[in-house]
Amino acid sequence: MKRETLVWTIVFVIGGVMLLANAFLRGAGNQYVRVDERAFVNVGTDDDPKWVNAGSDDILDHDAATISADRRVSWKTSSTVDARVWAEAERADPGQRTIVFSLSRTVGTWLAALFTLAILSFLYRDNPFYKSAESIIVGVSAAYWMVVGFWDTLVPILFANIVPELVKGTVMPGISDSPAMDARIKALVALVLGALLLCRLLPKGGWISRWPMAFIIGAFCGLRLIAFLHADFLSQISNSIIPLWVVDPATQTFDIWSSLENITLIAGVLACLVYFFFSIEHKGVVGRTARVGIWFLMITFGAAFGYTVMGRIALLAMRLEFLFEDWLWLVDPAGRHAIG
Amino acid sequence: MNSPERLGRRAAACRLIPIVSVLVPGLAPGLLLVALTLPLLALTRPLLAAPSDAPPAVTGITAADRWGDGGTAVVLEWTVAAGAVPEFFMIERAMSEAEVAGDLATARLERRRAAQRTAMQAVLADRGLDDSILARPMAIEPGLASRLRSVRAEAAAGIDALPDDAFDVARWMFVDRVEADAAQTEYRFVVDRLVRGESYRFRVIPWTGTAAGTPAEAAPVTTTLEPVDISRLWFFGIALVFCGAVVAFILIARSGRPLRVRRIAGLEAIDEAVGRATEMGRSVLFVPGIQDMNEMQTIAGITVLSRVAKTAAEYDARVEVPTARSLVMTTARETVQAAFLAAGRPDAYNEDLIYYVTDEQFGYVAYLSGMMVREKPAACIYMGMFYAESLILAETGNSIGAIQVAGTAQPAQLPFFVAACDYTLIGEEFFAASAYLSGSAEELGSLKGQDVGKIIVAVVLVIGVVLATAGAMAGADSDLGRTLAAWVGFLRDTVLA
Amino acid sequence: MYEFFRDLDRRWIFLLMFLAVSVPILAQLQFPEKPTGLAESTFREIDDLPPGSRVLLAFDYDPASEGELGPMATSFVLHCAAKGHRMYFLALWPVGTRMIEQKIDSVLRADFPHLVYGQDYVNLGFKTGNEGVIKLIVSDFPRAFPADIQGTPVSDIPMMQGIRNLLDLDLIANVSAGYPGTKEWIQYAVTPNPSDIRIVAGCTGVQAPLMYPYIPSQLPGLLAAIKGAAEYEKLVMDRYGHLVHAEDGRVSGIYAEGRRRMGPQLIAHVLMVILIIAGNVIYFVGRRREARS
Amino acid sequence: MQRTVPLLIAIVCGFTMIVSFFIPAAQRSGDDVAEIFNILAAVAFVLGGGNLLKIHLKKVSDQAAGWGYSLITVTAFLLTLCVGLFKIGANPADRYPGHAWSGEYSETGSAFWWIYEFVFKPITATMFAMLAFYVASAAFRAFRAKNTEAVLLLGTAFIILLGRTYAGVILTDWLPDSLSGLRFENLTMTIMNVFNTAGSRAIMIGIALGTASVSLKILLGVDRSYLGGGRG
């Protein structure tokens, strides 16, 4: 065990030194951004502000000199650019300030690369790096979806209909402060159900949270019953009503291959349905037909497997391209880092 | 043509010169010529568009609300004289006042912006500047800025003074194109996706080649709401037959008559798996898919969990249920608690074994993979809606030597479960699982009901295919062929719509 | 030996897969492509049009599928530019405009600087409305796209003159990652006008099976996933590659992207096939041994 | 009371949804229910997130095995939550420069974006990419020609895998035109159009019937396991 630890330590130290050398000597993994400034001027009053973009023609309608500094707002935005773009800008104008090195994005790229390696290390065996990445992603992603749920669902659908003035005054200035009646009712119903749901947290009366669950399950059972019968059930039957005798429209002659295809298709659908039949034991004729049905299902599964494999390999290739191209700069097929 | 409109067009012509010359400095003179002639062409277009071979206007056009819908459709009917059938018809709808006003406001704003830009460019050109300095308007020196301010105001006032008809805003909106058939003189078209209770005006324009005939306008029509959707009556009947069959078999089962159903291999494996976990002193992992409670597969998964938990309570095995949704966690806790109660072991229930991990698909999978490798459950049961994670779970489960039983109705993931698990419940079998596991006669009755559904499919399919085949053999030109094709069409478009 | 393979630690397979994907990337391996029928018919559809034909390039995809579809889009643009076709870019996906601009920058501005915006190509941008947009341009193009992406009215764009509807264009080249995409173009543009509108398409591997029913009557050419992209790229580069060589003979990496991404793909597929065969050999050897004992 | 009221709620809601499908005036009620569901799911994050915190904080306070990882989870969770809920580093929306909170919470350059881009995305994408390894191991282990079913499964996968590469082209390209139907690319097409279509159609019809039947059982009160009760 001691010996193994030593070997791993040496591997990590050598690897780390090489990575750092690659980063400092070649600039590998460096990220650059183009910085733009957004500036706005309030040409209205404090109570009734009217903001004009200081970079647009419209600002010329106002005398900028008379507008005090406290009525201006500005911030910077940045977008990632290739290292080559930065090098070209530097060559044209050394010391320019529009395209600059971004520390936060460089650190981010390194972190992303290390996380990628940590997850891949699970293939060898479970280890502290994987465990750390796993713990982080559980925490981050749970919070991520909570934040998304808050800003994309609770604020615009629930709060904007229940306390419209508050939402309008703070986070969504564009909404109406008198929402439609049906939207309000819907929001109120959801609020009441949500409150009942949270009754679970009470020491007693947790059973009341079954009411909103019953509402959801009941309503969706009704919806799905209709939707599946209407869409999948009927449309699949309708699509299968095809002639077994196909005439080539161009030559007006019997088309044996298309006819055979259609016959196989219909026979396959019926055989598979027999396989799913619950009432009769799979014996005798029924058993043999069900067997044919299972053959069709197996071919279907084989085809789906083959098609999916291609996409999965592409996913891995994209991850490795990230490591080799964006982080280590080992390859540069598209000429994104080429300096000079 | 009135004079303000000409004025407007000329303003448009002025505007495009700088744009074109910015685009192609080298070709500017040639393009300038093109650019100057284009508006002229545009002016003469109405003249060119009505040559003598234009088809005659359609006659007898009517527009009526379609009966038996939610006030969303209008039926248009019109006729054309035999021998003068055009190539196709364009259906157009009159735009509402509000739509026109909105378009007008946008057009005014755009025109004002362009006029102001042109005026500013003229000022800058006088001073030998180009308009690149407009990119940083705050940096323009005050004298020039004030001059620009005044020309902008002038230009804006000029545009504001224009009457509405100086703007080329469409009053009619394209709806659809209907191909004409030389042998057909009566036409019918349904305009869909309209708003209930609104008044609409439609017109039909016959076209042949590039020549348009005179539009014919139908009287205004108001869409109305009916109490029942008649287009869904056939479906109502089919749904009633199916649901009736399920209910009937449940009632038969209740009356005590024995119902026989075939065995499903994967199901016995579930009890076996729980038993083995108990023997080995290890836990059972139950994964209810990654979707929420609004998905039927999750609900079906929870019903299977209820039986698994009951068996586990009887054997005194540990069932661990990590979930990807909070609501699934809540429901699963209720279910498992009740199952332990039913098994007479309420004390053995441990709420902490049913817990929420994260909503994120791959975050959830990362956690499950790690947990499986560390805790090595003896049995892994996957019942619910799965996506790409299916194979990650099944392969990890396989590597730790667990018995794996999967059930899903997600066709794309079935191959992976079939390949990597010991038993897989395919599609409908998965939904039948809870009925089998409960062993209750009523639930088994519902399976018989499903079989009635399959018989309906087979019968309709065979009838349809026989009709379609007979039609094809009779030939599309024969009377019999046409009649059969019409029957198939009725079956597909009306009964099964 | 047999025991080793029978009880093979799956980490050896993982290692093989890792090498099968990473080595071709690092070595920038490229394999010969032998274009199949569908890629060839896609190529012919564009190549057989007389120079100056009007081709609609509909880019309905996003960065997530850029890996598979980007090389197809590049090749479509290169092919049209090399043949001297007039290109009408539009997108039914909001981010499609970014994909269009990227291809205009990297192909047209970089290697075909003599092409003039408004005469040889025009970017009509994104239009919301999904298949509604398709239905509309089938009968009335300017109503759906009254102006290009910069707001220049179509009446002021030379190459838009005489474009009344989609029937006035000679071909649609669609790059599609889902809905709306190739299926909608076929359903709403090609199906109602089978003799007047032709379409070729490139789509992702997941989409491809859904497109097969339309081949060849409604969809004469289809590039399926990265394989289709690589085949078509080869056809285009073989015929027109000389147009994009720099003076020093170098070719920008983007024109080999498809074939380069096919490198790991091919090796990994061959590995998969070998693994299936190996698995079965082990299985049958094991069965024979059992039978013998 | 504890079980009857929810059962009644479920039955009434379910049948209301079914009936509303046939009444034009009520056809939008499905969308309304979906919206209410979304809100409930968002509210339920309080339960899920609370549970997550409870479990991991308990591990930390108990100093249970691996409590350090629980601490990492709790820290990552709280940090992301604060950064996202307080829109840290996000600029105001261009249209409302006066409202500091009007910007997009996931705007490029904001702290929440940074976490998404450099933590969330690489880890989830790599997890997804692990599938490439697992398909290889599954192919080696599970695709064995034990019986006719397995032969069909692996045979089809084999044809499609090969047909999608240069190798497949070389293998069957020599076939004369009269046998062109046997070339991998055409074989693929027949498999997809005939066998795959037949199989998926039957599966979809079965799923529709199964879904409808499970729904009906719940709406008839035959299956009440979701309420944690009934027969079981």
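Order as written gives the chain letters A, B, C and D; numbering starts at 1 within each chain.
The rule is short, and it goes like this: contacts are C-beta pairs under 8 Å (C-beta built on N, C-alpha and C of every residue); 3 or more make two chains touch, one makes a residue touch a chain.
Quick caveat, the model's predicted, so the values are computed rather than measured.
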Where chain A and chain D overlap in contact partners, by chain label: B, C
Furthest chain, CA centroid comparison against chain D: C
Of B-C and B-D, pair with higher C-beta contact tally: B-D
Separation of mean Cα positions, chain D and chain B [Å, integer]: 18
Cα-centroid distance, chain A relative to chain C, in whole angstrom: 22
Inter-centroid spacing, chain D versus chain C (mean Cα positions, whole Å): 27
Sites on chain A at which at least two other chains make contact: 119, 122-123, 131, 133-134, 137-138, 140-142, 144-145, 197, 200, 210, 213, 216-217, 220-221, 224, 226, 228-230, 233, 237, 240, 266, 269, 273, 276, 297-298, 300-305, 307-310, 313, 316, 318
Junction residues of chain C - those touching two or more other chains: 10, 14, 17-18, 21, 209, 225, 227, 265, 268-269, 272
Sites on chain D at which at least two other chains make contact: 21, 37, 40-41, 44-49, 52, 120, 123-125, 127-128, 130-133, 135, 137, 141, 143, 153-154, 157-158, 161, 164, 192-193, 196, 200, 203-207, 209, 211-212, 214-216, 218, 226-228
Graph class of chain-chain contacts, one of line, ring, star, complete, other: complete
Interfacial residue positions of chain A with respect to chain B in the complex: 39, 54-57, 59-65, 119, 122, 125-126, 130-131, 133-134, 137-138, 140-142, 144-145, 197, 200, 209-210, 213, 216-217, 220-221, 224, 226, 228-230, 233-235, 237-238, 240-247, 266, 269-270, 273, 276-282, 297-298, 300-302, 304-305, 308
Complex contact set, residues of chain D against chain B: 21-25, 27, 34, 37, 40-41, 44-49, 51-52, 55, 120, 123-125, 127-128, 130-131, 134-135, 137-138, 141-143, 153, 200, 203-207, 209-218, 220, 222-223, 225-229, 231-232
Residues of chain B that touch chain D when the two form their complex: 69-72, 225-229, 232, 236, 242-243, 246-247, 250, 292, 294, 296, 299-300, 302-303, 306-307, 310, 325-327, 329-331, 334-339, 342, 352, 355-363, 365-366, 388, 391-392, 394-395, 398, 409, 411, 414-416, 418-420, 426-428, 430-432, 434-435, 438, 440, 442-443, 446-447, 449-450, 453-454, 457
Chain A contact footprint on chain C (complex, rising order): 11, 14, 17-18, 21-22, 25-26, 28, 67-68, 204-206, 208-209, 225-227, 252-254, 256-257, 260-261, 264-265, 268-269, 272
Touch list for chain B against partner chain A, complex: 113, 116-117, 120, 134-138, 140, 142, 145-146, 148-149, 152-153, 235, 238-239, 242, 260-263, 293-296, 299, 327, 330-331, 334, 356-360, 362-363, 366-367, 369-370, 373-374, 411-412, 414-416, 418-419, 426-429, 432, 447-448, 450-451, 453-454, 457-458, 460-461, 464-465, 467-469, 471-473, 475-476, 488, 491-492, 496-497
